[in-house]
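Before anything else, here is the set of structures, which you'll find just below.
Next come two complexes, and both contain chain A; in the first it sits with chain B, in the second with chain C.
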Partner chain A sequence: MKKNILSALLLLISVGLQAQEKGTLLIRNGTVLTITNGIKENSDVLIKDGKIQKIGTGLKAPSGADVIDAKGMYVMPGIIDAHSHIALSAINEATSPVTAEVSTGDAVNPLDIAIYRALAGGVTLSHAMHGSANAIGGQCETIKHRYGTVDPEELKMKGAPRTIKFALGENPTRVHGSGNGILPRTRMGVEEVFRNSFSEANEYMAGWNEYNAKKNQKGFKGVAPKYDLRLETLADILKGNIIIHCHSYRADEIYMLMQVCKDYGIKRLVFQHVNEGFKVAPELAEFGAMASVFSDWWAYKFEVYYSTAYNATILTENNVVTSINSDSRELIRHLYHEAAKTQKYGSLPNDKALSLITINPAKQLGIDDRVGSLEEGKEGDVAIFKNHPLSIYAVPMYTIVDGIVEFDRENDPADMRIYPNPEEQIDVTIAVSDSEYDRCMQDTEFLFNH
Partner chain B sequence: MKLIKNILCAGAVFMAFAGYAQSSKGKSGTFALTNATIETVTNGAIQNGTVVISEGKITAAGTAVTVPSGAEIIDCTGHVIYPGMIEGGSRLGLTEVNSDARTRDFSEIGEVIPQIQALTAVNPNSVLIPVTRVSGVTTSLALPSGGMFPGTAALINLHGYTPNQMYAGFKGIVLNYPQSGRRGRFDRRTDEEINEAAEKALKNLNETWGKLAEYHKLDSTITASGSNEKLDYYPEMEALLPVYRGEMTLLIEVNASNDIRSAIDWVKDKNLKVIFTGVSEGWRVAKELAEANIPVVTGPVLSVPTREYDRYDRPYANPGLMQKAGVKVAIRNNGAENVRNLPYDAGFAATYGMGREEALKAITINSAEIFGLEKELGSIEVGKIANLFIADGDVFETKTQVKHVFIAGWQIPMESRHTKLYDEFLERSPGVKK
Partner chain C sequence: MGAVLIEEGVIKSVGKSINIPANAKIIEADSMYIYAGFIDGLSHIGLPKPKEKAIDRSQIKDPANPPNDLSGIQPERLASAMLGPKDKSVSDMRKIGFTTAQAVPHGLMLPGQGTLILLSGETPDQMVYRKETSMYAQLEGAPRRLYPNTVIGVMAKYRELYRQAVQSKDYLKKYNANPAGMVRPEQNFIEEAFYPVIEKKTPVTFRAESVLDIQRALTLKSDLGFDLMLGEVKQGWDVIDKIKASNAKVFLSLDLPEIKEEKQDSEKDEVSASKTESDLEKERLEKRKKEIIDLHYQQASTFKDKGLKFGFSTLEVKPKDIKKNLSKLLEYGMTESDLIAALTTHPAELLGLSTVMGTIDPGKMANLVVTDKPYFDEKSNIRYVIVDGNVQSYEVKKPKKKGTGKDAMPKGKWSYSADTPNGTVTGEIIITGEPDDYSGTISNSQTGQTTDLTEVSVGGGSLSLSFPFDIGGNNIQIQITAEIDGNTFEGNMSVGQLGSFEVEGQSELKK
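The block that comes next holds the complex of A and B.
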């Protein structure tokens, strides 16, 4: 019995260790697309204990290290998706226009097969976002695709900056204004939600500041303000500790949020989707706001009817730090192809097109000092392609996270589920008509079933 | 005087409005596309060739071509001429802003409404159409959806001002074959409920078909007797009768492998003209499909595997696996606003096993053949309708630019909402400061 407990304990420890494991790996003779430092032909990338130790030629593999022969292949940084909902068991806390207190980090699902399928598209890291039902939604989680672990904590990228989801336009006004009959029903109301919330947070902070300043004074008789996680979070935004990632479409609402942020001294602002970002590209650039866009999605709802697939190019050429995201468990599997569409729509050069799915999303998540390019000292997240990743003939061959090979096209079995449901008898065949649009609005269907 | 002023004003307003019309006009005439690589699809590639377009048709294609006098010459040096891509089943023209029910016209109320005509609801002035055709997709099957027999699909060319001007010569009646599986992750029904629903749906189908058989008998008897008697007005059966008699195509939408098997069985002794559409699990039953000699329009290729335990690349590989087993395969995008991505659906199929040549056929000649229009569409051949486009490279490569598009001989303006917004906003003026 004791032995059983002991082995169970050992198993637990080994599961933990395995997930935290950092790999040592030599990738040889590839065409290395560093993103930040040009292209290095016939070069090696040595990853030691999960970090890129050296990029060069004729590198020796440490004893016992795995070696990948990448001759004739392209080696690039692991692809980063700045907008995704994979690996989440809940997306929208659609119960109030402001839910800054909740966090998708509490709903991470490491069993989601979509993580593996994203890896099979070269994606090593994603931003697991709250949905867009609320003007101020929940906090989001930046996750690394360490597929195979059953511990949600192991997916989290420790030390990544905190982020929060905001949303403008049709979704919050539909859910709360039309759905619940409360503000916001219009884009005017959405602005009001932000101004109210930040003003309350300012008062909250002032209350605490006053209390903290006086509490140790002799004869102080006051009590601490009531602790409020929602206001704490909003205060952290005002202090610059949390990056806003705001679901947005129309130029006017994008402009509005920039004005609000200016008024409250908020600088860390990334717009998501931002289909009409191209219309206010000079203003975005001046503010220093960034943009994470679809390659070509449009017309699925009215607020994206006046958009263009040239959005990413126009934003990039106007010096807005731009990324291409998926917001879809389908699209996340071929972000390299989505980035290539900027060459159809605006003829972006290779380096700029690849930046859209590597260093730029890393900047938007505040992790560009750790990932997003192949540089010595950065984390060993790598995607290896047969054919250039921007070509339609590109095939992801290996995907590596922290030096661990998580995807190997030649050697992975077909069934990669971690936990098959033993009770499921009838096959789940996902009809093609089940479109993935608006995953951002998942968990809000109950509001519209009448 | 005031009246004249008002009329002038109205005229000015009208002209201003016309200035904002969504597209410049197409241009017809005689065109000579010279010095091109011609991807004929049916006869290989011709280097340094010329294609002549006149009166809507391809009148010459090859290396020894005399350019007719008066022809407008388009120098295609370094460029490739492809036949127009054919989308095998989409909502293009039937929807505008998909979240807005007022702009959705693809799904009518009713389980058995085969007489409902998709062509009627095609909006020739949809903003989505120019966005699609400037990428080289010239033709699309407008597909109704919904109940068991949701209507009649119609093939349209993506240029024209009335549905009839756009009509490209093929109609087919859609049957959504009963689904026996769970419809997806959000299908909360129990196994029993699913089985019951599937049995009931198949029973409904067979009952409808039984009525049709009776209708056919009555109609045949009346015709044979030469009597003037007419059957009671029954538009559903009237629409289905040519399908029953094998004179009109039945497009059977079917995806799960069990359902495909069941559908193969269902059509077996019926002597129908049949196309299977969707067929996302065709790779599981490719041999049976080939043996049954049923052509397939499959897609979207860029979709998630139908089952959690399937290999991640099955949707990419599906068209190639069916084609290699001997199935005639066409590829569809199945969307609406992004049907322009059809070459990428085919491109992924090409990359994951189908190969370039077969993938190109799957969006050109195979589609034409499946729709019975192999004499009119799908390749660069003399006598065919001049649906073609000129690109600066491989049609599948994402970066490739489409330079010119011709639809039924009309030169299409290379502009859309997307290009116009690019032109206006790449270097916005005024910028930050006015």
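The block that comes next holds the complex of A and C.
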């Protein structure tokens, strides 16, 4: 049943390029937490060719299909992390306050063992984001955790809306203002960067519109605006084709970005971290902006002191679509536990707590019509737990992406690396931990040496 | 058995009954073997690595838009204009059988245009066979804090530059057709360097070592549509079909990972029955490491089995390791004729040279390698390398006897360079004193400091030095062990837990 890495690689060698793998699988007799349609006891979930075909009882497995006996277990939609930096070879192009032209899609690294570790926490999909060094950072990639391939394209969730990282506050002002002595040096400057950029993009679009209108006229001798990938991308934001995901902490700045977006007609806006989101929850709801927060992580820098573990609950109760994210290779392994904290701090009911790591992040990524709940017709991304996922005793047992079992607690080999390093020193005694720090600021550490 | 007649650098005839002109110079190759000269698909031959200069950041007004020599956007540079015929790499590669190579400049994302050279000649003009072969590209970012620094910045910059070049090329075409009333197009050497690529007159050669870099180059090719050559490929075995589908041409790296034979602790072997869990874990990890190394060794034969023609590239391999590594490929599925094809006919075909190079046939250029035993025989020696009709002969070196030699004399001034994760470190080592009582100092280009050596010892031809080094407040002992060979030495520098790096040096004594 388990897709063995080695045989998958052999398959790649023998069959070569193939479409993204889709599986057929019957999950039997589980407690099915659909998220959007209540709980179904002792029910089956049939996934056919990667899609959920039927949820019911007494379903028959098609011939040749794998079967998982989920008796006594909990079957929920695959967990979605709306803020992650796993599976990326590069995170921050921290060399300019605006880098809308870059895309983490170019840096997707299917060999990253963190993908498998995320699967071991029931996470089937993550938002592989650019870092927060720049006011306008790079475009991000929504990836499915199809572990075992070496092809970055196979991880990409085809058809997912484009997204881009923005950042407020200390990070962009420190990297560019303090680091290089350029705009933005202050929080005012960050706003200025946004407004300048959008105005420039408007001029760029106007220039092209004018050129395109005239270019076929007889005797036209004009020059087209010079192609600019950065402005092309900013123009796509203005046209509504890209969702902004903005790194944010302070309420005043969160409010500022909503004003900027209103001025430029931008509607698709998700705030990331949003530690002071509880102060502007009604305003966020009114704008239609969403919020992706930590459960209880703060005080790691000055602007993140005014925080509360009730943030997710307050936002939820104010009708802000809210998710809980990891931003970490370690936290991503127990997002179900992070969601459970909202029951200690805010007494959210089970369905609302689980929505924070399933359907809500799916809405924030614009993919809630495809994933985020167990519904017929949706993609076969499933996490199966021993004990309720919000229980402290929860243990992820199987994680399934597109009907393929990508994590199997009982049967997976211990070493799941795809390409071990041929030059590694195996008896190294001092290992550098790669899981403890915030990769959001990767490649900018040199700025903090003074 | 037969003869090859060469006139004016061209093979006139090949066979048993050849009329040999009276004025011909004759090379007796009785019981010797003659091969077509080897062709190196991608190299830095003849192009010495420029010294690393410190960046004067006060001169950079906008880090997001640094000067082109710092961002590495220099596609207008020509390797053919930078050649050094006397560079050691030319003679080093020729003496192992290479007669032709594509040589590309050192640099970052767009180092310049590659050139096709013959490995002989006194002047750059004499070396160059074809001035421009391809636009050389790497996924190599600018130094930190300068745009584009990471792979995402580099990929975005490629797309923008390419599309801007397409745009300016179109405009130039219109302007040239009828300039009256049109704004004069500005001269832009960078965009112009892309024009032959856009017209598909020359390909882009991407250095693509890892399985990810290979696929990133393929992504750019499919986004932009240029012809692609992949060079220095080290991890391509899982993406052969993807490469095939793209029609990219391939040069596999001759740099191979090494299996270091572990010294077995004999005492441990005796108690092997009671292996601890950590011993078993180590064994499992070693096994997986060996598996991945084997995949590197098998890469060439895997490509062959998939029917994809390839040549070799030598950007990273040291000339002295090439024959050893080729022998490794023989152990892992390649035959001698496969290897010869990958060194001669296949690269000739991939580089569009088949009419003049790759085989020993009348009409082809006289690029030949003559050996006393079959090339891949461990004991074979190259006796002659003929490039463009010019003959280089080589004496058979008598094997050095180990242990009987006199101790080397390390006294004096040496310059050294070491490849470390922080870049190349250079400096001077000065050794004073007498045998059994040497002392000295070592300087470091990165720290600008000179440190006293705490140990200098010589045994036979090998030199061992150690000295303390301060890393972030921790004092680490660095050890250099090297073999002295006349005026040069080569060896390793081991830096505590950080690993071991290659180091080489040269005597600075007055010659």
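What we mean here is this: the second predicted complex is superposed on the first by the 419 of 450 C-alpha atoms of A that agree within 3 Å, B and C clash if a C-alpha of one lies under 4 Å from a C-alpha of the other, contacts with A are read in each partner's own complex, and residues count from 1 in each chain.
FYI, a contact is a pair of C-beta atoms (placed from the backbone, for glycine too) under 8 Å apart; a residue touches a chain by one contact, two chains touch by 3 or more.
Everything numeric here is computed off the predicted structure, so don't read it as measured data.
In the superposition on chain A, A:319 contacts neither chain B nor chain C. Of the two partner chains, chain C is the only one that A:228 touches; chain B does not reach it. When the two structures are aligned on the shared chain, A:300 is found in touch with chain B, with no touch to chain C. After overlaying the two complexes on the shared chain, residue contacts for A:104 are found with chain C alone; chain B is out of touch.
Looking at the shared chain after the overlay, A:212 reaches neither chain B nor chain C.
Of the two partner chains placed around the shared chain by superposition, chain C is the only one that A:96 touches, whereas chain B remains out of contact.
Looking at the shared chain after the overlay, A:282 reaches chain B, while chain C stays out of its contact range.
When both complexes are overlaid on chain A, the residue A:182 reaches chain C alone and has no touch with chain B. Once the two complexes are laid over each other on the shared chain, residue contacts for A:426 go to chain B and to chain C alike. In the superposition on chain A, the residues of chain A contacted by chain B and by chain C overlap at 414-415, 417, 420, 425-430. Those residues of chain C that touch chain A in the shared complex are 62-64, 142, 144-153, 155-156, 159-160, 163-164, 167, 171, 181-183, 211-212, 215-216, 219, 235, 237-242, 245, 257, 282, 284-286, 288-289, 291-293, 296, 302, 497, 499. If you check the complex, the residues on chain A that touch chain C are 9, 12-13, 16-17, 89-97, 99, 101-104, 106-107, 109, 111, 130, 138, 150-153, 179-180, 182, 221, 223-224, 226-230, 414-415, 417, 419-430, 443, 446.
Of all residues in chain B, those touching chain A in their complex are 96-100, 127-128, 145, 179, 181-187, 191, 194-195, 255-256, 278, 280-281, 299-300, 302-313, 334, 336-338, 340-341, 344, 347-348, 350-352, 394, 396-401, 417-419, 421-422, 425-426, 428, 431-432. Contact residues on chain A toward chain B in their complex (touch as defined above): 113-114, 116-117, 120, 278-279, 281-283, 286, 296-302, 305-310, 313-314, 317, 329-330, 333-334, 337, 340-341, 343-347, 390-395, 414-417, 420, 425-434, 436-437.
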